[in-house]
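In the two complexes below, chain A is the common chain; its partner is chain B in one and chain C in the other.
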Partner chain A sequence: MTWYLFQLLLQASLMTIFVSVLSIFAGLGFAVLLSAMRMSGNRVLFGGAGLFISFFRGVPLLVQLLLIFNLLPVIGITLPSLATAIIGLSLSTAAYQAENLRGGFEGVPIGLVESAEMAGFSRLQTFIYIRTPIALRMTFPALVNEAILILKASSLVSVVGLVELTKMAQNLAASTYQPLPIFASAGLIYLVINLIVAFAARRAEDALPGLPAK
Partner chain B sequence: MSFDFAVILAKGPQILSGLGVTVLIWLAGTALAVALGFVVATARRFGGPLINLVLMVPVEVLRGTPFLIQIFLLYFGGPYIGLRLDPITAGLLGISVYGAAYYSEIFRAGYQSVPPGHVEAAECVGFSRLQTILFILLPEMALLVLPPSMNMAIILLKDTALLSLITVPEMTMTVSAIGSQQYAFVESIVVLALVYWALVELANWLGRITERKIAKLSVT
Partner chain C sequence: MTDSAISIKNVSKQFGDTVVLRDINLEVPKGQVSCLIGPSGSGKSTLLRCMAFLEQANAGTILIEGEPVGFVDGPNGRRRQTAAELRRARSKIGMVFQQFNLWPHMTALGNVSASLRRVRKMSKAEAEAIAMRQLEKVDLKERAHHYPSQLSGGQQQRVAIARALALDPTIMLFDEPTSALDPELTGEVLNVMRTLADEGMTMVVVTHEIGFAASVGNKVCFLDHGKLLFHDTPEKVFAAPRNPRLEQFLDTYLDRGAFLVQ
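Moving on, here comes the complex of A and B:
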């Protein structure tokens, strides 16, 4: 295990961070959309969101990624592995984040929603300006949790051919016959990234505005 | 574009054998993870600050690194330190240790939820440590630890799919191999996804029933 090999792993970890960050925020967008579908009062939208969430929470991420990677070309869509990885991770995390957000939306004080309606907000405006910001603030710790899960889960995108930290470690382990130090180093890098995220999140939590009183 | 599911479903017995391995590794791995997690949490709760600190490190390392890296390290790195395991043993060991870290945190939260006064009261009436754990702590925290435990069991079920990457002949490996042989890879993955979905929904349903039963018991 040389410094050069470790540097290669560090470089690859930038791809891990890049894919994870994009997936987490894309997933958050999807999750808000899923929540809107569930609260729309429309049975088709409600059922569709429920089915989506059940499927993506019920199937292993590895199988989801294999499905997306192999199904899209068959129906005529060819995407680079980076795009496949981000789509796969963000759809999966969206399902989990939507479940987290549900708790947040249920916790929005009803008085705030009523005041917004009294002030003449439409249902959509209430959703965008009142419910969503409060639900996001309430579920911030769950979002951080999910971010750490996605950082770890991003190790699976190696199966769709993207060279991130895990794939780089696999390649190096195969070419140098040193799997022990290489996988241990990769693990250490994941651990340090996650510790930094957890630490930064605690700081951010303190800086965020407090929650409205019930 | 045409899908041919018949060539996959014709391999029913092979699919069932993969499903069997998945379910066995899942159940055995979860049972071992719960047991080990309970031991770790109990040692951290009653073993004093040093043991607490010594056990905290592996728990945090296991929770902070991807399961895939852990099993690669065990299966591919193990032989370099004399730990040569066959895929199934490595898979079972890997999932048990990984799961134990999460279960130990679930039990730790459970222990913390029991008011200290109840433990002190048990000690005052002469309960031994073991009696206190068995008759006071465990029943009081059962309701609290059950939902996250069920949740974790389902996470472990899905994580057994990763064992295909260290050649454990579980469902993902078996069914995707059938797909490659039959030139019907997409179909094989669709079948795979549907079987996992059904398994997870079944496990969810059983979990909900168990929770309801336990909740009824504990109403005082």
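Moving on, here comes the complex of A and C:
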């Protein structure tokens, strides 16, 4: 295990971070949309969101990624592996984040919605300016938990041909015959990234106004 | 009739089998303070919430300055107003809740300016200038950048009053505005309400503060078991209660008052 090999791992971890961060935020946006569909009162939208969540929670991420990777070319769409990876990860995390958010949306006190109605807010405005920010705050710890899971799950995207931290470690292990130090280093890098995420989240939680617990 | 800010005709309301309001008829005169009193479960909060269409009456009509709220009569009987019609009908009303219902993720200033920005589409600067004036009116200018969790209950309720006033309503509805406050904080909220009353705001106040009803109210309405039993000036209601049920209700307050003095 040399410094050079470690540097290669660090470089690859940038790809891990890039893919994960993009997927987490895209997934969160999509999760809010799924929540809106479930709260719309429209049966088709409600059913569609439910079906989506059931599928992406019920099928292993690895299978999802392979499905998307193999399905898209069949219907005439060819995307680079980076895009495929981000789509796969964000759809999957959206399903989980939507479930997390459900608890938050259900926990928004009805009085806060009534006061928005009396202030002249439309349903959409109430959803955007009142319900969503409060639901996000209430479920913040669960959302961070999901973000950490996605950071680790991003190791699966190597199956669509993307070279991120895990794939790089596999490549290096195969070419240097030193699997142990290399995978140990990769594990350490994942651990450090997630510790930083957890620390930042804790700080953000303290700084966020309007958490019902305070 | 044209002097009525709110006109309630034959309003009934039930939750399942429980009848909450029985054939209520009430005219709320413009520029006056009407206080709704009565024991718990008498329907006074429900009646107030019906005026804002936060509850739907099962029968009867409610007119806000002559315009129907919630339901309109059409060729095929009454129908629910569209969301836009309801917003227009409600735009004359400001509502203050027992639990304040401030949005916890916004500062006091944010709470008061939000509707001006989102509903009235004002610029941030314009909305905040108006919001600041409203906060000044309730004596909370220095607390403008505090979040609700950093304010006392009395301060939160005053922010809620400022928020309701920001949209320039002609009628203010108060749903037990001081019931969640300790006696010390109750005073500061009642003072703000007193000032509003002096300015000629039309107010409907559901309250257990009999003293406030007696001194500020122009009309006192006594509800019991969903019926409007009594509706008159405070002098007539409190000086010589003619109704046995009202007398009994007021007695419990006198008892409590006597107990507190000891």
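Throughout what follows, the second predicted complex is superposed on the first by the 211 of 214 C-alpha atoms of A that agree within 3 Å, B and C clash if a C-alpha of one lies under 4 Å from a C-alpha of the other, contacts with A are read in each partner's own complex, and residues count from 1 in each chain.
The criterion applied here is as follows: a contact is a pair of C-beta atoms (placed from the backbone, for glycine too) under 8 Å apart; a residue touches a chain by one contact, two chains touch by 3 or more.
Keep in mind that what you see is a predicted model, and the values were worked out from it rather than measured.
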item: Overlay on chain A: chain C relative to chain B, clash or fit; value: fit
item: Contacts of A:S54 with chain B and chain C, given as first, second, both or neither; value: first
item: First (chain B), second (chain C), both or neither touched by A:S122; value: second
item: Superposition-derived comparison: chain B or chain C, residues of chain A touched; value: B
item: Chain B versus chain C as contact partner of A:P133, first or second or both or neither; value: second
item: First (chain B), second (chain C), both or neither touched by A:N194; value: first
item: Degrees between the directions from chain A toward chain B and toward chain C, using C-alpha centres, nearest 10; value: 110
item: Shortest CA-CA distance between chain B and chain C [superposed frame, angstrom]; value: 28
item: Chain B and chain C footprints on chain A, overlapping residues; value: none
item: Interfacial residue positions of chain A with respect to chain C in the complex; value: 109, 111-112, 114-123, 125, 129-130, 133-134, 137, 209-212, 214
item: Residues of chain B touching chain A in the complex; value: 1, 60-61, 64-70, 72-73, 76-77, 80-81, 158-162, 164-165, 172, 176, 185-186, 189-190, 192-193, 196-197, 200-201
item: Residue ranges of chain C touching chain A (in the complex, touch as defined); value: 52, 54, 83, 87, 90-91, 93-95, 97, 99, 101-107, 114-115, 118-119, 147-149, 160, 163-164, 167
item: Contact footprint of chain B on chain A as seen in their complex; value: 54-55, 57-64, 66-67, 70-71, 74-76, 148, 152-153, 155-156, 158-159, 166, 169-170, 173, 179-180, 183-184, 186-187, 190-191, 194-195
